[in-house]
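Pasting in a structure now, in structure tokens, and then I'll have a few things to ask.
Going by the order they are written in, the chains are A, B, C and D; count residues from 1 in each one.
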Amino acid sequence: MASRKPVCLVIGAGAGIGGHTAIRFAAGGYHAVLARRSDEDSLARLINRIEGDGGTATGTLLNAADDGAIEELVAQVEHDIGPIECALYNLGAQIGNRKLHDTPHKTFELGWRLGCFGVYRLAHAMFPAMVERAKSGRHSTLLVTSATSAMRGNAGQHSHAAAMGGRRMLCQTLNAEFGPQGIHVAHIVVDGAVDAPDTLGKLLGDKYEAFKAAKGEEGVIDPAELAETYWHLAQQPRNCWTHEIDVRPWSDVAWWNDNPNPQIDGKGKSFAGPKS
Amino acid sequence: MASRKPVCLVIGAGAGIGGHTAIRFAAGGYHAVLARRSDEDSLARLINRIEGDGGTATGTLLNAADDGAIEELVAQVEHDIGPIECALYNLGAQIGNRKLHDTPHKTFELGWRLGCFGVYRLAHAMFPAMVERAKSGRHSTLLVTSATSAMRGNAGQHSHAAAMGGRRMLCQTLNAEFGPQGIHVAHIVVDGAVDAPDTLGKLLGDKYEAFKAAKGEEGVIDPAELAETYWHLAQQPRNCWTHEIDVRPWSDVAWWNDNPNPQIDGKGKSFAGPKS
Amino acid sequence: MASRKPVCLVIGAGAGIGGHTAIRFAAGGYHAVLARRSDEDSLARLINRIEGDGGTATGTLLNAADDGAIEELVAQVEHDIGPIECALYNLGAQIGNRKLHDTPHKTFELGWRLGCFGVYRLAHAMFPAMVERAKSGRHSTLLVTSATSAMRGNAGQHSHAAAMGGRRMLCQTLNAEFGPQGIHVAHIVVDGAVDAPDTLGKLLGDKYEAFKAAKGEEGVIDPAELAETYWHLAQQPRNCWTHEIDVRPWSDVAWWNDNPNPQIDGKGKSFAGPKS
Amino acid sequence: MASRKPVCLVIGAGAGIGGHTAIRFAAGGYHAVLARRSDEDSLARLINRIEGDGGTATGTLLNAADDGAIEELVAQVEHDIGPIECALYNLGAQIGNRKLHDTPHKTFELGWRLGCFGVYRLAHAMFPAMVERAKSGRHSTLLVTSATSAMRGNAGQHSHAAAMGGRRMLCQTLNAEFGPQGIHVAHIVVDGAVDAPDTLGKLLGDKYEAFKAAKGEEGVIDPAELAETYWHLAQQPRNCWTHEIDVRPWSDVAWWNDNPNPQIDGKGKSFAGPKS
């Protein structure tokens, strides 16, 4: 690691948004540091791909819920590899759709540990060095992948929405304190299905291909394409920073909408007349 | 009109929210002034009902879109009847669900005239006297009935959402300027079907009863019940004023939600997994 | 406790919103159960006041962050006292204004335990019996006191905003699952200072009276008055339930506004021209 | 105009966001069509600059509030120049900070004509051809510059907020109907001062340089930099479209925040304790 490139640290570096953001930043001149909970083989393949493209990358397995894990990783990267100029917090807290009484206390808490506390821990560990570097003109970015549940709670999303709602407000507090100190915090509301074999793919199993086919042409977010938006955000100059942005496929209904062609059918929200 | 009761002026006083708010305020000691565009017979019945209950009321037909109509009504009420201590702006701008190209320029403009400009005109005409009275401790209230479309645009709602979105932001500007001068502005987001024979009833015609039956027990807002909330808002003391409140039937899905029991069906928002 | 009145359970029953809501519901025919973390004398005084007014009340000290504490209280009240028909979750997570690096991990976590996890725990423990009773037509209400930080994060509010943002989204998930099962969940955004001797009073100490005087006439929320709004929400019939409502003093600036009389002064948001 | 490049139509093409977006799209291979209300010389200079950089552009003076003006321009461009693949609606409705009674009816209406109705008219005129082209795979984009007032109303912003609030909801209705038909609608919330000599510069006059200096390093949005974000949005593939994005300088306070270092000073929102 002679070069001391700026580092792009990705927490949650699977085959979806995390991995493709790493690939994009490596192509743009960053050294990518990839952390994911399991699957050393996939991690190795991702690093190989980045190196095959002429980039550099390092990987580690990490259970972000473990005490000290995020903190040690940040310290180690800063000491051994290089300055973290961009970090992507890409861990979800998704446990599927569960009723309240199918959501045990431990599950609810784990959602918060991964969905909200981890963002705080990463910022807490990483921002002091970033603030120091900003004083000499090297500005840094924290990208946070977020979800529809950061914007509204829905049945079955107790753990997820509580975690993501906290995450969104936390990103706003971080932005308010650290934006003027030179750290760009961006909260990205991913309001659609992502073509992510490690998460959505595993969740759906052999229904995954049928699901994607049913969504139609360009109906699922391509994480390689989305990574261009992540890259763009991290390149915005200080005079025009974005704090919040949404993304979804063209054919998807935005979270604030329901059926775009409502009928008068007495089923509540889809009734066109009065609920409008 | 010897008594000089405080006046509750209702613009849009049909058989739904407007009429029942008038009834409630008349029962609470206000003189109700009822304005609606047409149907003199209904207006007379409403006045008779209020008087039969021991209250007092006056009515007039009013096309709120006409130049000067709102302004003249306000001046006349203040001069001839009594001080307007509460006004309810209850006109919608609903033209049904229409695609963009079924929404002519004139229709789009009319939506704005009734949905947004009318609120500005009423405030412009009515607030100076209210500000004066507040200086001697008599505070006033402007209640504005609003709709789901004030919170989010949906397909088919071009005219309505543009009008209601403007209405909501206007209520916020009025609150910011006039709240500290003693005028309570409250924006009520009615996020469900109201049992309103004059509007929803006419829109649905002979399907109206079937619609209400399909909504189930207490599945449609009872405007007489909702009027209690309007009354409560107007009685809040200055130290704890509400600016925005939502209401919907228990069985309705809130505007920010879709199907509460989503399936993995590839139909976008109802997919439980990633869009959460 | 022969009468088996319906119970109003207040978690966070100090001398502010919690205590006054207990008083109001006791006056309205509920048996009030008061839980607060400390100060047995204040608790006794509150019970005495309610009993002196002809009502009934029971009190207990409770550390809501303790494992099992909320769950045991709910079970005991339901078993020994009566059916909880209304509960108020009134605990904050306020630790004052602290920079990120003055907010230790334990503090951030405690904010979540009191601000968000406690609401989940209360609902988890209490809703099954409420759902059962709703089947025979006895509907229940969960009132949740919330704060400006549920709507937006600000510098210094890392722990509080993360907790309150989670709380708000959780209230939406609970509403989505349990509204149609007959439980009314209401999220009350208290966007102003409350005249609460136990919290704000202790925080400000001998500056408390000067603070209130500086806010001017009716410039601080009177919790006895606000309790009327809590009462109103709990009395709304099922066809017109409110899920979210805001309150603030007339003279306060709403959270989405800044200085209402901005100057062209180069200080960012208060610049009238372009940031509008 | 032999080449039939795709056209980028800019309505509101001054020396700020509009002009720089035109420059950026011309550099990217679009033919820029520039419309502004007045100042033919500035228009000519902008075209010369684009042509000097090797691009192509056409300009016209346009009063967007005139009946038929937007419609004729769209028809003429489509017929004479080429297919409009991207349009930027960049007209504001800013009349400065005015109290309600300094905002005459005509001014309020003009705000709506420029701020909201113009967006409807542009979409109404332009979308049919865009929908047709999308059927053969050529997708189009409507970019709409928006402002803080689209998100919240503030004192003095009656006309502006009513117009911009309507604009935002309209963009959502357009997105809901036309997104699935292949038209990308993006609503850009410019939440900070832009270095725009034609608008902000003229408004501030000889205080303009002092204003910019007071904002500090990179404290005012550079429209040439912001144009990169506009360009990025228009290049997003259909599987990951952004509908809403905010931008502001790093040193600016976001619209949902006030003073990031509040004091206990009894001045309402800046009080750190309870209003949090």
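Note that in this section a residue touches a chain if its C-beta (ideal position, glycine included) is under 8 Å from a C-beta of that chain, and two chains touch if they have at least 3 such contacts.
Since we're looking at a predicted model, the values are computed, not measured.
Student: What is the graph distance from chain B to chain D, where chains are linked when they touch?
Tutor: Minimal hop count between chain B and chain D: 1.
Student: Which chain maximises the distance between its CA centroid and that of chain B?
Tutor: Result for max centroid distance from chain B is chain A.
Student: Let me have the rounded angstrom distance from the C-alpha centre of chain C over to the C-alpha centre of chain D, please.
Tutor: Taking the average C-alpha coordinate of chain C and of chain D, the gap between them is 41 Å.
Student: Nearest whole angstrom, what separates the Cα centre of chain A from the Cα centre of chain C?
Tutor: That gives a centre separation of 32 Å.
Student: Averaging over Cα atoms per chain, report the distance between chain A and chain D in Å.
Tutor: Roughly 29 Å, centre to centre.
Student: Provide the list of chain A residues touching at least two other chains, using ranges where the numbers run on.
Tutor: 149, 152, 154-157, 172, 175-177, 192, 251, 253, 256-257, 260 - these are the residues of chain A that touch more than one other chain.
Student: Under the definition above, what is the set of chain D residues touching chain A in their complex?
Tutor: 139, 172, 175-177, 179-180, 182, 184, 192, 217-222, 225-226, 228-229, 232, 236-251, 253-254, 256-257, 260
Student: So in the complex, which bits of chain A are touching chain C?
Tutor: Checking each residue of chain A against chain C gives 99-101, 103, 105, 108-109, 112, 116-117, 120-121, 123-124, 127-128, 149-150, 152-158, 161-178.
Student: Under the touch definition given earlier, write down the residues of chain A that touch chain B in their complex.
Tutor: 94, 96-97, 147-149, 151-152, 154-157, 160, 190-194, 196, 199-200, 203-204, 207, 210-211, 213-215, 251-253, 255-262, 264-269, 271-276
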